[in-house]
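First subunit A sits with subunit B, and in the next complex the same chain sits with subunit C.
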Partner chain A sequence: MIPEILAALFFGLLLLGLHRKVVARIQKRPGPPVWQEFLHAAKFFWKQTWVPKTASSLMFVGIVLVGIGIWVAALLVVIAGGNILIIFGIYMLQKIVEHGFGLSSGSPYGKFGGVRSVISAASEIPLFVSVAAIALFTHSLALQDIVAYQAVHGPLLLIVPPAAFAMFLVLLSKMPGGPFSVVEGKELVSGYKTEHFGFFRAGLYVCDGLKTTVLLWTFVLVFIGGLPTAGFIIVMVILMIILSFTCALTPMLTPFDSVTLQTLVTGAMLVYVGCIAAMGVPG
Partner chain B sequence: MKKKDARIIAALTGVLMGVLYFPYVAGLITFWTYGALLVIGAPVFFLAAGFAMMAGEGEEDDPFIGY
Partner chain C sequence: MIAVGGEPFYYLEFGDIVLYFSPVTTTLFVLALLFTLFVLASRPERQVDIAFGSDAYLAKVITPGELHFRKFMATACGLASMGAMVTGDVFDFTLFASLVGITNIGIVAAVKNRHVQNAAYQYGLVSLSATVPLFSGAAMVAATTGTLSLIELAKGTYPAVPLAVKSFLVLGIIGEGMAPFYAAKAEMFRAPGAPYVIMCSLSSLLIFLRVVEIAMTM
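Presenting the complex of A and B:
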């Protein structure tokens, strides 16, 4: 499992590096090398580190532990083919972690970042109503059952495209510089990350790397199905490029607009799932 | 946390995760038993290693309050 965790971390950081590269090329900038996020993580780990004077020391340090721990757990759930509700539960915990990062720091920027994280959670999390659409068809929320269902009936991406779109919005909300990235808006410096520097920031890169791999891998498993390893890598890279294009070509929404848009999509998803349930699922 | 304590914690968690990998591969301990160890051990190892090597020993930092 240790090799899998290291591979997922490395791949996730490379995907984030690819994201930055694609966004930069769209903006006609050369952009950083693809391995830049990996270099950042290594660089931060070797910087001398303090806890700020005004920070809550225990929470400031402990929240990094929680952040890394939950994404290691999420990765293990994906590897084991476990229940997607656990993965999405961990995604919700990530919101609490972001809030904890911000509040523990004693910095106004961090606190605003933490507050925005909770605001955005209010609109992102209901998007998981798409899970209900999946359950209506597969009668199970275990990843291995969902993959088995798709092996027989074809990708859920074609069967329940609105659910895939809702999940795509959840992925988009986690992308740096995306339309829903209100948590890390430039007016907040680095948002909830502002005061976590040195090896604490390196820990945040570990979280981001694992999170990126877990969320993209889960999306591919749930909406495309089982693939050979090379297939997963190719599809995840393509998915990341699509996300990067979306981020580069859409403006960052204000917190109000971000919440409104996601709430509207959630409402539409509820209607969609209600219609599926009312009409009955074929097969 | 003292650097010496951090070094001991990092070494203990690192050795524990490394040593128990072999019984896990041999099937002597279950996926989730070893998984639980990693979920707790990996972040502890990471932070303890950071504290052992790069914790500042001078005065604490002021938080960033603007440019």
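Presenting the complex of A and C:
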């Protein structure tokens, strides 16, 4: 299992590097090399590390391990074709982890990052509407059943495109520099990450790498279906480029606007799912 | 009928009270347990606030009395969350959810700060109001199906639970601590004490995940 975890981590960091490169090119900058995030992670492993005097020490250190642990668990669930409710639950738990990062340090910057993270939990609501739409068709939330359904009926991307859009918004909310990235606004220094440096920051890069791979992989599995390994890699790279374009071409919203927009999308999705449920699902 | 949480692999019976462990409920239970252990073992942060209008900053210190009370409330919140994750009974779930609401208020109300106590009071009103749809939702489940057992309801042999009843349950859970009331909770973050306030968010997240599973299972 270790090779799979390392491969997912490496690929996730490369995708984040690709994201930075694409955004830079759109802004007519050369941008960092694609492997820059990987270099950052490696560098921070060897940097000096300490725990701030104001921190809740155990939480400050432990939350890094929890962050890595939940995304490793999510990766294993994806590999095993497990339940997407677990994966989405872990995604939502990431908010608690971010909250923990911010609060445990005692720093006001970290704390505001954590508070924004909790407020931006509104972005998770569209995700659950996606789950309901998927369940109406597949009658199961196990990834292997969803993939099997698509092998017979075609990709869910074409069957329930609004659900795919809602999930895309969720992916977008996790992208650095995206319209919903209020958690990492520059006015908060580095937001919830501000006080975690050195080895702990390297742990954060590990979280980000795994998270990126897991979320994109889940999106492909749920809305496109089973593919050969090369197919997965190509589709995930294309998806990342689409996300990068969206991030580069949209302004970062204020926390209020971000939550309002996501709430409106949620309302529209609820109406959509209600209509599907009322009309009945074919097959 | 949808096997939302996966097949249960272990049942723990206390008379007619049955707890069950499926992949989803076990995952949520373990997360609640993990953070409860964190709360028990952690010492609180010393929150630093910037003093506006000067270049000074203030470090808040938690008194031992406040620390013990908040640790007790956060631990109770963790235990209630664990119970809500694995219970196989709709009524027990609503009881655990309301206990989560009460302990969340307790975690915050222990802080002797006017803004924080105002937030706790307002949250208390919301939480109190939410018990009406929460418990009436459970009562209507019993009225429409004749059982409150999730294990029985998951078999699909009982009449379907009306959408309105499920909505009552979800509405009750939202009132007990979920978004959009999250935003109101931001006021609570004036309260120092990292591991304790996190339990408010974690418990809300977990009971929301569980009510989604329950609503889709019924």
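Quick notes on this structure:
The rule is short, and it goes like this: the second predicted complex is superposed on the first by the 279 of 283 C-alpha atoms of A that agree within 3 Å, B and C clash if a C-alpha of one lies under 4 Å from a C-alpha of the other, contacts with A are read in each partner's own complex, and residues count from 1 in each chain.
What we mean here is this: contacts are C-beta pairs under 8 Å (C-beta built on N, C-alpha and C of every residue); 3 or more make two chains touch, one makes a residue touch a chain.
Values in this document were obtained by computation on a predicted structure and should not be read as measured data.
Annotation: superposed three-chain arrangement on subunit A; subunit B versus subunit C shows no clash, the two fitting side by side.
Once the two complexes are laid over each other on the shared chain, residue contacts for A:A202 go to subunit B alone; subunit C is not touched.
By the touch criterion defined above, A:P108 lies against subunit B and subunit C together after alignment on the C-alpha atoms of chain A. Within the superposed three-chain model, A:T54 lies in touch with subunit B and with subunit C [touch as defined at top]. Of the two partner chains placed around the shared chain by superposition, neither subunit B nor subunit C is touched by A:G17. In the superposed model, A:G89 lies in contact with subunit C only, and not with subunit B.
In the superposed model, the angle subtended at the C-alpha centre of subunit A by the C-alpha centres of subunit B and subunit C comes to 80 degrees, rounded to the nearest 10. Of the two partner chains placed by the overlay, only subunit B lies in contact with A:I2; subunit C stays clear of it. Shared-chain residue A:A142: touches subunit C; no touch with subunit B.
After overlaying the two complexes on the shared chain, residue contacts for A:G31 are found with neither subunit B nor subunit C.
When the two structures are aligned on the shared chain, A:T194 is found in touch with subunit B, with no touch to subunit C. Of all Cα pairs linking subunit B with subunit C in the superposition, the shortest spans 8 Å.
Common to the subunit B and subunit C contact sets on subunit A are residues 53-55, 66, 73, 105-108. Residues 17-18, 21, 24, 31-32, 34-35, 38-40, 42-44, 46-47, 49-51, 53-56, 58, 60-65 of subunit B are the ones that touch subunit A when the two sit in their complex. By the touch rule above, subunit A contacts subunit C in their complex via residues 53-59, 62, 66, 70, 73, 82-83, 85-86, 89, 92-93, 95-96, 99-100, 103-108, 111, 114-115, 118-119, 121-122, 124-125, 128, 131-132, 135, 139-142, 259, 263, 277. Within the complex, the subunit C residues that touch subunit A are 2-6, 23-24, 27-28, 31, 34-35, 38, 41-50, 59, 163, 179-180, 182-183, 185-186, 189, 192, 194-195, 197-198, 201-202, 205, 209, 212-213, 216.
Residue ranges of subunit A in contact with subunit B, taken from their complex: 1-2, 5, 45-55, 61, 64-69, 72-73, 76, 80, 105-110, 189, 194-195, 198-200, 202-203, 206.
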